[in-house]
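Below, chain A partners chain B and then partners chain C, in two separate complexes.
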Partner chain A sequence: MRKNYGPVYALPSALWISAFFVVPISIIFMYSFLEKGLYGGVVWKFSLEAYRALSNCAFLKVSLMTVVLSVLATLITLALALPAAYFIARSRYKNTLLFLVIIPFWTNFLIRIYAWIAILGNSGFLNNFLLRLGITHGYTQFLYNPFAVIIVLVYTYLPFALLPLYSTIEKFDFSLLEAARDLGATNSQAIFRVLLPNIKTGIFTAVLFTFIPAFGQYAVPQLVGGRNSFMLGTIIARELTVTRNWPLSSSISVALTVLTTAGVLVFLRINNNLGGKTKAEHAASTRLHLQIKQHDA
Partner chain B sequence: MFTVTMVFFYAPLVVLIVFSFNNSKTMHWEGLSLRWYHELFFNSRDLWNAFGNSVLIALTSASLSTVLGTLGAIGIYWYNFRFKKYVQIASFLPLILPEIIIGVSLLILFAAIGLKLGLLTIFIAHVTFNLPYVLLIVSSRLDEFDHSIIEAAYDLGAREIDALLRVIVPVSMPGIIAGFLVSITLSLEDFVITFFVAGPGASTLPLHIYSMIRFGVSPVINALSVVLIAGSIILAFSTQGIYKYIFQK
Partner chain C sequence: MKGSQIKIEGVSKNFGDFQALKNVSIEIKKGEFFSLLGPSGCGKTTLLRIIAGFEDPSGGDVTLDGASVLPLPSNKRHVNTVFQSYALFPHLSVFENVAFPLRLKKLDNSTIARRVGEYLQLVKLDAHKEKLPDKLSGGQKQRVAIARALINEPSVLLLDEPLSALDAKLRQHMLLELDAIHDTIGITFIYVTHDQEEAISVSDRLAVMNGGEVLQVGTPSEIYETPEDLFVASFIGETNFFSGTVASVEGSSALIDAEQCGRIRAFMDKSVAPGDHITLAVRPEKIRITLERPDQCDKGLNCLSAAVDEIIYTGFLSKYFVALRGGHTLRVFKQHVNYFAEESKIAFGDKVHVWWDVGDGFIVEVKRL
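And now, the complex of A and B:
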């Protein structure tokens, strides 16, 4: 029997993750049950104040806004990514097209946000363009509203949705679509009842990669959002660095952590179940396909 | 539809590139000029300091997280021990939690233990968010190859250190390199976590860009974007050889 070296190998990373992830998260959890100090920090006295504050109207509004913005951004991202991924998967120039999709995302994340500020800003490209054409007189405020946040979120996460969609669509057997049409399905029936059920896993991954990071977004609402488009991330940072209410910042962080983890777990669950079903469906449709072929022969 | 998506992808970048050659401080076209490139290369010392910090942090944090993550992945993959499940869960969570949670919790930790914010705290934070990625990537590489090679090494009497350095590390090299490259990219790219753990005087390139953006449109950023896009394309092509090596194995 060989000596068990496992703990020796795993110890350094276990210690690092404990010290700089598990301990900090536990501290946040603890702070969320304490009273706030006068100038930031905490007072060591048990209190549920930070959680009571979560039920206040302003906070619920921000939560709702966060959900609405991230759901809309996810839906628009999917609507753009699905046809594009399908087109790439069916194209003869797959690799070139994929490459073209990835290149813009080699630039820094902040520069991609900045590009939109340069376009939509008050003295930005779009305003100058519209003024010169004489369509508008005076500047229009395109930035600092929920729409700007959605546009930039979609721009940021589009490739993260596109790539998993592409990889599942690429494996899809396109002759199934022809089979469906031969059997009298309309185009939309073929897409909704044959294509989409078969690429469910890709869709779920795309949603996961878009919704979760959008939900906890900080930089985007901070830079292109206004007072009416605060998200949970904005509030956490504000309570920490401006208002200096650390217990409240902690309780919101705890809420965000719990929500995200629960979301991912439910998601993985559903995805696993779907994965099973998709395989069965796939098997069934393949069998159908073979029967059609035999029939033709 | 694909064209629409591509226009959406490229329009912002094209606007940036075109206006980096503009002879005006605004987004109003006033003729061709290279003045912003001059400004960028000869008159932006803070920006280049921040760039230097970014490169330094990226290289050091990627190196440490690659070593820690590789060892961790080997331990978790090959052995069973008491805290294995703990390591697996604790290193999976950072991958799914919003970045801001990691930034805020580290800031609160550093404040609690009285560690002064600066390059060191940025380094610690970057190792922390890179480590789980290296662990994941190296594990998936370990998943792929023929285990009997390692059993053979042990059967032939290799000591643990020989098995590690002469068998396990060489066969998982593609995963280790991929983990290192991903770490460097994530580190260079990170804004949110760094934002919380950086102190006065210790800026990274994304933080510097952020402070410039907050003052509004600055044509120097346009020029910088063009340099960065060109730089990443050149880098990507030169590392393509490494990626090819990884994927062929």
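And now, the complex of A and C:
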């Protein structure tokens, strides 16, 4: 039998994650239980003050807004990405189209947000366009509201949803759709009963890839959102840099992490229940397969 | 007899510049097991897809019991398909795969359970109904696909090379089962295959296709014993070809000067005139091989002398490759009756006589100069 080098291969990434993820998040967790220093920083004295501040009505409102904005952005992203990924997977020009999806990454994220300001702004392209056509009279305020945040969030995460969807749809056996129609299904029945269940993994990945980063977004609500569209990320930054209440910004961060993790766990549970037996069976067969492989080696 | 009569009338199909089907017309009878046989790319699958409703023909019509099916989408046709790759739904159990068409019709659970049970029994899969498709063997998947295609009680079942993914032994077995299912259900089967043995052993009638055209339609024995076309003769079974010019015509037979062996006599299944250039086909098992020259050589037999080049012993028969005087090789198959007393006496290098009945040669091609 060959020696198992698995742990050795995993060591570099384990070190990296420990140093730059586990340690910082532990520091944040620790800071959230300390007293705030006068000019930022912390005083090394245990306190629950930072968590007491979380029950504040304003904070709860921002939490709710964060959930609403990121859920809406995720749903819209999915609705746009699914048909697009399907189209790309079936297209003769899929490589070119995939390339086009990736092109925006060549430009810095912040610059792309500023581009949206140039489009949606008071003297931006959209306003000028509508004025020229005579549809509007005078400038319309498109920026600094929840809609602008959603538009830019959708724009930002569309490729992240599109790529996993594309990769599962591309592997999908399209003769299954023909089989469904042959057996009496209409086009939409074929899509809902055969296509969607078989690309479930892609859909779940796309949802996670969109929802988690959108939930923690800071730059987008900061730049295109207004006073009524704060997200948790925005106030974490404000508490850290402006108000300089480090314990509070830490406790909000902890809350954000807990909320995201809880959301993902619930989501995974739903996923598992939908195809519970399938998954378990799959896991069992994978284990068996691995055992056989090891045995062979 | 259940099932439907299908008429394919002048169907053609173009993919860009490529003509996949050229004016194909076939009439398939009610309840028939009909095969479309041809090499890959001959248009047989395209024809099947047109009947199923996955492709629209560029011209012509397809009718089921006299009514055109072309205006109907595939989900409205009383036709179901067994796909080459089975196309089982990987997220559904065997039971749910078979139940899929019934669920679409929103039948109640007890009806679904009863009917799925019946069809799973028909294909002998009732023990595996909770399994997912990827836990099944190839033969089992095949059965699920058949049960699923039958449960809607279609009047025509289309089978697109359903056995090509199975190994040879299983293929024989499934073929017999398909035949049994056809006898039980009694609907029309249209079976697409490139395997001539499958087509011949199981079909009531078959159409041989090549290059988008139907070359011959007939019962398996008609196709094998009386091929009308050079391609049909060469595609189905093994054949010896002689090419030559018609020297003269006497009654129902013609004298032919063959390039390979000199003057031979051929039955005129196609009318020929002196001077025509023809190709004659003779099946290897129709040719006899003996050490002695037979007596009837001048009365209705074609006799040639040859030398044994090679003998391939295959168990129940031997294949002799004999060189004619001109150097041309002729294949002769002889089934073993008493191997040690008879067949083993002919050995490599022996001078032998090969001979066949004039009626066993078929003119498969005529070129008029």
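By our rule, the second predicted complex is superposed on the first by the 236 of 297 C-alpha atoms of A that agree within 3 Å, B and C clash if a C-alpha of one lies under 4 Å from a C-alpha of the other, contacts with A are read in each partner's own complex, and residues count from 1 in each chain.
Going forward, contacts are C-beta pairs under 8 Å (C-beta built on N, C-alpha and C of every residue); 3 or more make two chains touch, one makes a residue touch a chain.
Every value quoted in this text rests on a predicted model; they were computed, and no experiment measured them.
By the touch criterion defined above, A:12 reaches chain B but does not reach chain C. With both structures placed on the common chain, the touch criterion links A:23 to chain B but leaves chain C unconnected. When both complexes are overlaid on chain A, the residue A:72 reaches neither chain B nor chain C.
Contacts of A:197 after superposition: chain C is touched, whereas chain B is not reached. More residues of chain A are touched by B (comparison of chain B with chain C). Of the two partner chains placed around the shared chain by superposition, chain C is the only one that A:189 touches, whereas chain B remains out of contact. In the superposition on chain A, contact of A:100 is made with chain B only, not with chain C.
Of the two partner chains, neither chain B nor chain C is touched by A:130.
Once the two complexes are overlaid on the shared chain, A:179 sits against chain C while remaining clear of chain B. Of the residues of chain A, not a single one touches chain B in one of the two structures and chain C in the other. Residues of chain A that touch chain B in their complex: 2-14, 16-18, 20-25, 27-28, 31, 41, 80-81, 83-84, 87-88, 100-101, 103-104, 106-119, 121, 123-125, 127-128, 155, 158, 212-213, 215-219, 223, 233, 236-237, 240, 246, 249-250, 253, 256-257, 260-261, 264. Interface residues of chain C facing chain A in the complex, by the touch rule stated above, are 52-54, 73-75, 79-81, 83, 85, 87, 89-91, 100-101, 104-105, 132, 135, 148-149, 152.
By the touch rule above, chain B contacts chain A in their complex via residues 1-2, 4-6, 8-13, 15-16, 19, 26-29, 68-69, 71-72, 74-76, 78-84, 86-87, 90-91, 93-94, 96-102, 104-109, 111-112, 124-125, 127-128, 131-132, 135, 154, 160, 188-189, 191-192, 195-196, 205-206, 209-210, 213-214, 216-217, 221-222, 224-225, 228-229, 232-233, 236. Of all residues in chain A, only 173, 175-176, 178-186, 189, 193-194, 197-198, 200, 275, 278, 281, 285 touch chain C in the complex they form.
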